[in-house]
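Take a look at the structures listed below.
Okay, so chain A shows up in both of these, paired with chain B first and chain C after.
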Partner chain A sequence: MNLQFLVDGLLSGAMIGLGAIGVTLTYSILRFSNFSHGDLMAWGTYATLMVVGAITALFGKVAPLAPLSFGWPLIVALLAGMAFTGGLALLLDKILFRRLRAKGQMIIVVMASFGASMALRSLLEFLFSSRPAYFSKAIQIAMPVGFGIRITPDQIALLALTLLLVTGVHVLMTRSQIGREMRAVSQNIALARVVGIDVTRVVRFTWLIGGALACVAGVMIGVLVQIRPLMGFDMLLPVFAAAILGGIGSVPGAVLGGLIIGISEAGAVQIFGAEWRAAIAFIILMAVLFIRPIGLFGVGER
Partner chain B sequence: MEFVAYGAFFLTTALIFSLITLGLNLQWGLTGLFNVGLAGFVAIGAYTSAILTTPDDPARIGGFGLPILVGWLLAMLAAGAVAAVIGAATLRLKSDYLAITTFGIAVVVQLVALNAQGLTGGPFGVGFIPRPFGALAENPLAFNLANLGVVAVVALLCYLALEHLSRSPWGRVLRALREDERAAISLGKSARSYRIQAFALGGAIMGLAGAVQAHFIGFIAPENYLPTLTFQVWTMLIVGGSGSNLGAVIGSVLVWAIWAGSGAAVSALVPTDQQARAAALQIVSIGVMLCVILLVRPMGLFGARPKRPRPQAVSEGEGRA
Partner chain C sequence: MGRSVLTVKDLVAGYEPGVPIVRGASIRVDEGEIVVVLGPNGAGKSSFIKAIAGLVPVSGGTVLLDGDDITALPAHQMVRRGLAFVPQTENIFPLMSVEDNLKVAGGVLPRSEVQPRIEEMYGLFPDLRERRTTAAGNLSGGQRQMVAVARALMVRPKLLVLDEPSAGLSPKFVSMVFSMLTDVRMTGVTILLVEQNAKAALAIGDRAYVLVDGKDAHEGVASELWNDPVVAELYLGHRSAAPEGGRA
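Coming up: the complex of A and B.
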């Protein structure tokens, strides 16, 4: 068996994990599974693509930072895209989710997120058509690193970025004041309010983090694969499976779940062929639900 | 005459949708089970019946040439069985897990339909599905009216059976579970078992709808069962009012009229190269409509009174502070 699948798995696992952090935070703090999260990924990616286009129009063609396929415009655009996606998530919350949350039936919020997902996705299709777009059409030469594994500079850079972001979110959740407040709200919202935690602020922060990370995950897909309106929706099942496998509410769990699913998918692709990739996440999801529904690092249902 | 023929065709399609919506109403409206993968159950029914009733085809398994009614029954059985397994896995957990799992099953069914060429014909689908009254096909008016008759009878039977069920002790238990689970359990009702039954029965009705539609059109392909279908049916139920079978039927006809009407307007008014975009915009507007109804009139046109908020609800304003 060719060990190359480990690299592919790590990469798709990183994308899934970044998406799953957002899903697991929304689920544990706002208590609903957000079906529009995948579409936030896609919107973030298109926003980033637009900013890259604007920068190129202003400053002319910028040479990529060798050996990467992209230059500083993408890095700047990614930051702008993260801010945009966080803002979009906040906007959705303001006009839709918050009002429905106030009515008290959480499953209605899930349904609304499903409707919003459909609308967001089709709006992208309307604006950009369903033709795939690319950040760069340059082909990168993969470097051999031993054991028959090859990796491109882009892939190394994106894995490093994921590691940085995940560590950052973990430190934020465990060491900072807002992180402690977020965990408190996820455990008991009424008690959290009693001790003077501003729940609205926590909710706002949750959306910002989730949206920003969704954007990064989308841009990773955009850099390594391609950009399509459906790109985020197609990630939704693995992302949910990762969040449940890792245990709802656990950031390290979401990332580990993402990596497990990414690597299993890549391994299965070698055995069964690429067309069955999406079934792996479902099989893992069903196995978790039958054997250990609270996931690897989950705490009992509240 | 053309107009009558088209009217019959339109109503047939709308009534098939109303069958799916009735199944969803049993799951969601009556029992509170959230199914975002109903396209998968419809597909299971359609493919089961198609594989069983088509004439022999060397390119794939199946082609048993069984009678149409046998195909319909087994379609219900297959879709219902899949629903029962999913229910057994997820109905002891919080409702979101069911939502995520049903979403997954739709993805997997789509995958099997596309890739298991030896069974489902892959992207080319299954053709030559026998049609009831196929002999009348030369005369569109008679053919469409006959089909409408069949579909109307199936939908009516289904409607009456569901009305009866929802008034029966069984239906009362479901409603009790939806409104106040703890009280119902304390009366000795097994929440999980009742919910699995309702979910499986709802799945079976969706499977039947898929089979009826497959035999009405005579041809099925994976792209008939995309998430858009799930979304359309949800909109139909929410517009009609969840909890009401009559609302489910009327909502289906109404939303299908809007959908087909705007689709016809798009293809008549929009230049060919822009039609894909216009179709996307059509979906956007329906998505926005769904969200607006949820916000403004969550009980729909004919829905029961708004349900009581559950105790675990989170509200940020006043409420449970």
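Coming up: the complex of A and C.
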């Protein structure tokens, strides 16, 4: 049996995991499932692509940082894209979610996020057409690393970036004051107010982090696969599965959930064939939930 | 004594507009005092104290804290003005460690003062130092109340307001909580509390108000109030029927 599926699974797991962090944070702090999260990924990716284009127009073709397929423009553009996506998430909250949240019916907010998802996706198709786009057309040679596994330099770089971001978010949540405030709001919003926490500020921060990470996940897909308006929407099911599998509210759980889903999907493709991809992931999800309904790292309701 | 920390005048408050639960209640709390608000079930005690803390909409009257008008400020600003509130239930963050419960409340303080203040709290509540890394939700009822009070004291409040601190506790913990409040007062903190357990509260209080029908119906020195016939009358007779020491 070829072990290549481990690398493929690890990569798609990293993308799913980064997306799942945003979903798990909005779910635990704002208490709704944000179905437009996948489209934030796509918007972030297109924004990054635009900035790369602008940099190329200003500075001409920049040589890639060998052996990677991309150069500093993509890194700068990614930072700009993260800021843009965080801002877009804030804007969506301001014009849509916050107003509906104030009315107190969560199912309405969830439905609104479906609507926002469709609107965002259609707008992307309108602006960029549904033809796929690419950050780079260069073909990378995968290096053999033993056991029949091959990996490209881009893949290594993106896995390292994921590790860095996930560690960073975890440290932020557990060690910083804003992280403690986020946990406090997710556990008891009324008490958080009594303690003097500015809940509005915490909510804003949550959107910024979720949006920025969605952008990174999208750009990873863009670099390793391709850029399409539907790219984020297609990730929605695995992203939610990962967040639930890991336990809602848990950052390490979301990432571990992503890796489990990613690797089992890739394994399923190899063992049973591509048509079983989603089914295997969901069978694993259901099996875990039967044994541990609150997810791997989840904590029970009080 | 003498300097007024809290002055509540003719407070009107309730969850729904036009349906006041608190109907013109006035109280005063002087510096260093423990003041108790008593009253039969449904008298509006809890709503009264929550309205002071900014958790129930206020439609009339004024609340002055140290001369500063804090009437109907949003709850998260009350702490910054010096009023710390301990809710009756769910008054800790159960999944956070004891220390994180204190740290998160210290966000209002300048950063350099947070850790020293936590040490002061551990000095006041040595049990909490031992359990500092334990999730607060795994503590006993009495220890949870300690976390809630320590959390409120983190910000060095001018006034500590407690909503039925003995609620839901076994008798052993009730006496523990009240002796803890006496210790807290010794550190110079002024305390206002609402209690169902009149006997225990009057034992530690300086003065008390009896709230009936959303209004302050009677005021007196705590130690005398227990035998005051007017209170017996208002309180539905604590001689004939035993005072409710239990649950709301």
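Assume the second predicted complex is superposed on the first by the 287 of 302 C-alpha atoms of A that agree within 3 Å, B and C clash if a C-alpha of one lies under 4 Å from a C-alpha of the other, contacts with A are read in each partner's own complex, and residues count from 1 in each chain.
As a convention for this text, contacts are C-beta pairs under 8 Å (C-beta built on N, C-alpha and C of every residue); 3 or more make two chains touch, one makes a residue touch a chain.
Since we're looking at a predicted model, the values are computed, not measured.
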item: First, second, both or neither for A:Arg193, with chain B first and chain C second; value: both
item: Touched partner set for A:Glu181, first chain B, second chain C, both or neither; value: second
item: Comparing the two partners chain B and chain C, which touches a greater set of residues in chain A; value: B
item: Chain B versus chain C as contact partner of A:Arg98, first or second or both or neither; value: first
item: Footprint overlap on chain A, comparing chain B with chain C; value: 190, 193, 199, 302
item: Of all residues in chain A, those that touch chain B in their complex; value: 27, 30-33, 35, 96, 98-108, 110-112, 114-120, 122-123, 125-126, 129-130, 189-190, 193, 199-200, 203, 233, 236-237, 240-241, 244, 275-276, 278-279, 281-282, 285-286, 289-290, 293, 301-302
item: Contacting residues of chain B [partner chain A, same complex]; value: 32, 34, 36, 89-90, 92-97, 99-101, 103-105, 107-108, 111, 114-115, 227-228, 231, 234-235, 238, 276-277, 280-281, 283-284, 286-288, 290-291, 294-295, 298, 307, 309-310, 312-317, 319-321
item: Chain A partner contacts - residues on chain C that touch it in the complex; value: 53, 55, 74-80, 85, 87, 90-96, 100, 103-105, 107-108, 137, 151, 155
item: Chain C contact footprint on chain A (complex, rising order); value: 177, 180-181, 183-184, 187-188, 190-199, 299, 302
